[in-house]
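The letters A, B, C and D name the chains in turn, as written, and every chain counts its residues from 1.
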Amino acid sequence: MTKTYTLVVSCPDRPGIVRGVSGAIFDAGGNILDSRQFDDRETGRFFQRVVFECPGAPAGLTEAMERLAGEFAMDWKLIPGERKTRVLILVSKFDHCLGYLLYKTRMGELPMDIVGIACNHPREALAVSDIGGIPFHHLPITKDTKPAQEARIKALVDETGAELVILARYMQILSDDLASFLSGRCINIHHSFLPSFKGAKPYHQAHARGVKMIGATAHYVTADLDEGPIIHQATEAVSHEDRPDDLVRKGREIESRVLGRAVGWHITHRVFLNGAKTIVFAN
Amino acid sequence: MTKTYTLVVSCPDRPGIVRGVSGAIFDAGGNILDSRQFDDRETGRFFQRVVFECPGAPAGLTEAMERLAGEFAMDWKLIPGERKTRVLILVSKFDHCLGYLLYKTRMGELPMDIVGIACNHPREALAVSDIGGIPFHHLPITKDTKPAQEARIKALVDETGAELVILARYMQILSDDLASFLSGRCINIHHSFLPSFKGAKPYHQAHARGVKMIGATAHYVTADLDEGPIIHQATEAVSHEDRPDDLVRKGREIESRVLGRAVGWHITHRVFLNGAKTIVFAN
Amino acid sequence: MTKTYTLVVSCPDRPGIVRGVSGAIFDAGGNILDSRQFDDRETGRFFQRVVFECPGAPAGLTEAMERLAGEFAMDWKLIPGERKTRVLILVSKFDHCLGYLLYKTRMGELPMDIVGIACNHPREALAVSDIGGIPFHHLPITKDTKPAQEARIKALVDETGAELVILARYMQILSDDLASFLSGRCINIHHSFLPSFKGAKPYHQAHARGVKMIGATAHYVTADLDEGPIIHQATEAVSHEDRPDDLVRKGREIESRVLGRAVGWHITHRVFLNGAKTIVFAN
Amino acid sequence: MTKTYTLVVSCPDRPGIVRGVSGAIFDAGGNILDSRQFDDRETGRFFQRVVFECPGAPAGLTEAMERLAGEFAMDWKLIPGERKTRVLILVSKFDHCLGYLLYKTRMGELPMDIVGIACNHPREALAVSDIGGIPFHHLPITKDTKPAQEARIKALVDETGAELVILARYMQILSDDLASFLSGRCINIHHSFLPSFKGAKPYHQAHARGVKMIGATAHYVTADLDEGPIIHQATEAVSHEDRPDDLVRKGREIESRVLGRAVGWHITHRVFLNGAKTIVFAN
């Protein structure tokens, strides 16, 4: 039976990579459906994402890729098409992004397996009513209990086998330790157009500055607040008529769809970390 | 013969302003064509822009407005419709914004009278060929000659009666003194989405940060670089594929139209300064 | 206690309207918070929306407006600020727009009172789980039962006192009779950028045409399918890579927010019918 | 000396194409800089654009591609990087698009060689002053002289060796004969968001329909007016305040940049015809 696979590759750029990879897929009986690549001339690093179909398992592909990986110093991964990413979502009081992700997942648009929702407020604080059977974890936090609470988050990640943690307007700042633990596998939505208005109350900062557009940014979390590699951003025009509440209202939309797009691209292996930046083979 | 007038008003907000202004216009024989207002609840200040037509001169309107101005502590101005703003444009090497403004003016889209173009490079450095009969002033500048060069700019403003100075990718930083001299009457186009990437080489800064959108900002110039009240901004999506040169290329478009819109609104009296921000009755 | 009111006015344009209306509000003790107007030079019709606050009831305003209405042949309405519009939502199988409206309402962003949800499919067909205590009406329809089903819709409107009917991806074509019955009080979301791709399967039509942008349009329903006055539209770029399913997926977003904005403006009295078009004092 | 080449390929899709093409480039000494491909599952046709560099000429690549072309029934073309497309521009009275293209070309942004400008009005009718040394051809047209005028256009194309004809707001409708003659090599800018508002005065049609967005569409010309494969489109929000003149004014911007983008993509071999649609490997 024909199955679909995604192969992601990155390595130092030099002639022969595409020939090698496409040859390996061809020899394994695969037919390439989609291939995107990028050659970063600044860093000399090559990135590729190939989707191919194969009647049955791709014979000998793993061995062929291991040989290529040796020859080209490749980082690579082969992911079967139907495999869903296991995701843990952290949220605080504003749950519009959570609700959006839940709906997109229920509809089958986001191929992920939400293994848990953790919130520093109790269940009743959320306006989103339907989390179905997804385990809910109330993880309250104070200045003093922060290390213990973060230890519980780590434990939750390990226990659930979560491969991605989404900070869906989770308003607590992760410690350097937790940020490191989650390095490369934690996406945050910041409610501004970074690098403008980092930190707290960005809509109020934006209002004070009198900008004529607001935005939202989805990025990988690093130890530095709101500094991590950006995955996706969107903006919308605003005017002098918009009070901070209006910016918050208009911003919810942008936050939800920016986070939704970024998460969708991550779980379909379209995003590559490239130093402080990302390569995104968007769809 | 029916003529059109624009009346701009601002004052502390309280009941009766609209009634007073519309009454004064009605009594003067005017018919309101367009009226936009904004009541800034934060600062308690009211702003209004009224366009009206009048067969002949608006009888007694000036006196009526002076009475209202006394009663309401109004700042106000009455501008006859056909009056063009006198504009001095400063430019450096990149003249795409200048070319855009010249074309828009020639077409009659920007109702301004360009009284001069000053450039810190000689005429031949500009790719824009057709400045027609507009006086061109070569004002070279070095660290040492800056005070003298700025004195020439001031003199040019005074001699030409320029009411607005446009920094159309004029890359020299104005001294505090010149910025003060031009306070409220100088619009700059900064090639980033402020407050991101102030200062030099914003496209290179943007590229390094790995943002997924670039933008341009037109703002009034103040003593603080790139801090002045924002008039207009626009953005465009970019990707990992865009090198700094691509950002520069895509950015030119945005800079030109953002500056063009901001200038157009300023010279049609649609922009009000409101502390560190602007009110813009856009069209 | 200070209360907020919205006053909407339209009439043939002539001098004195603004003076009259603002005078009436001032005399009644009101202070204008926001005023938007438009003078349609083509049709000679004037439209105004004023929001004002008043300590206590606006004394004598109704009488003053009735006098003005007589003098200026005005259509006018005075709406107390806290009054929510009663809304009936019709939906079919795709309930993303319904879910969006429910969430926005629950959050307090859309000030409406949803008096019922009617669907031509049973409750279980909807992916949106939480309609809370809102009455759900299963109104199946076939070619033969259409007149009876539409009669039930009319009855539902009358019984619930619904002032607005929202077709939130309700896929049945209203008969001329029902469209007339709902004239001026029924908003539909069409999943294309009208007037492109009217009728069935617009995303498939768009895909076949090879357009590079898709969109959605919220409009008032009239007897002519997808011809009614447009309230709001938005678009998004797509590419050759987007199959019809991708257009559907990307389109859901646009449909939801376009419908949400249009409904929001309607229930806050920001939309005026102007022949085949609308005036929208947007926020 | 290292040179850059662009290779474009299209053929029926089947396994082995990418391996074949990348192998041929590798064997010829080339290093792939950029590769974009698309597999149209609907039509079963494959499209690829590869940019590669080669120290010296790509040895044996032509022969290798001819073998592959035989095996895969490929249409293919190899273009040296520095080769500029020869372009003839047709214009009528509104020359904002022409001015834009001239400026972009002069700046080096559009790598084309403008071999002539033909206009149905005399030179003096154009507001754009600087066409430099580009040959200007006044080709007046009336209902009776149309066949002769079109014959002159054809002759001009042949004499100049023009590979692309740009209709830059050229307002004459091409006959079926001329459209056929120019098939695949003529780009038109239509001042609406197709398929809305085909034909004459689209801004006036848009105004009458009361749309809330306007747009422009760049497309290949076919015998059917405004029906040809779309290359690029963009839109902008408008409101009830915009009169037809305002739509025209705002539309000029969109027309210029949409045409500029489409032409840029065509002359850098990023556009493939795919039946009634296009594949665009945009940058």
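Simple rule for what comes next: a residue touches a chain if its C-beta (ideal position, glycine included) is under 8 Å from a C-beta of that chain, and two chains touch if they have at least 3 such contacts.
Computed from a predicted structure; not experimentally measured.
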Give the fewest steps needed to get from subunit B to subunit D, where each step moves from one chain to a chain it touches. 1
Taking each chain's C-alpha mean as its centre, the one farthest from subunit D: C
Higher-contact pair (C-beta pairs counted), B-C versus C-D: C-D
If more than half of the interface residue numbers appear on both sides, call it same; otherwise different. Which is it for subunit A and subunit D? same
Quick one: report the Å distance separating subunit B from subunit C, using the average Cα coordinate of each chain. 37
Provide the C-alpha centroid distance between subunit C and subunit D, rounded to the nearest whole angstrom. 41
Among the residues of subunit B, pick out those that touch two or more other chains and give their numbers. 41, 241
As the complex stands, subunit A meets subunit D at residues 13-19, 22-23, 25-26, 30-37, 39, 41
Which residues of subunit A touch subunit C in the complex? 96, 99, 103, 106-107, 109, 127-130, 132, 241-242, 246, 249, 253, 257, 283
State the interface residues of subunit C toward subunit D in the complex, per the touch definition above. 38, 40-42, 193-197, 208-213, 215, 229-235, 239-241, 243, 274, 276-280, 282
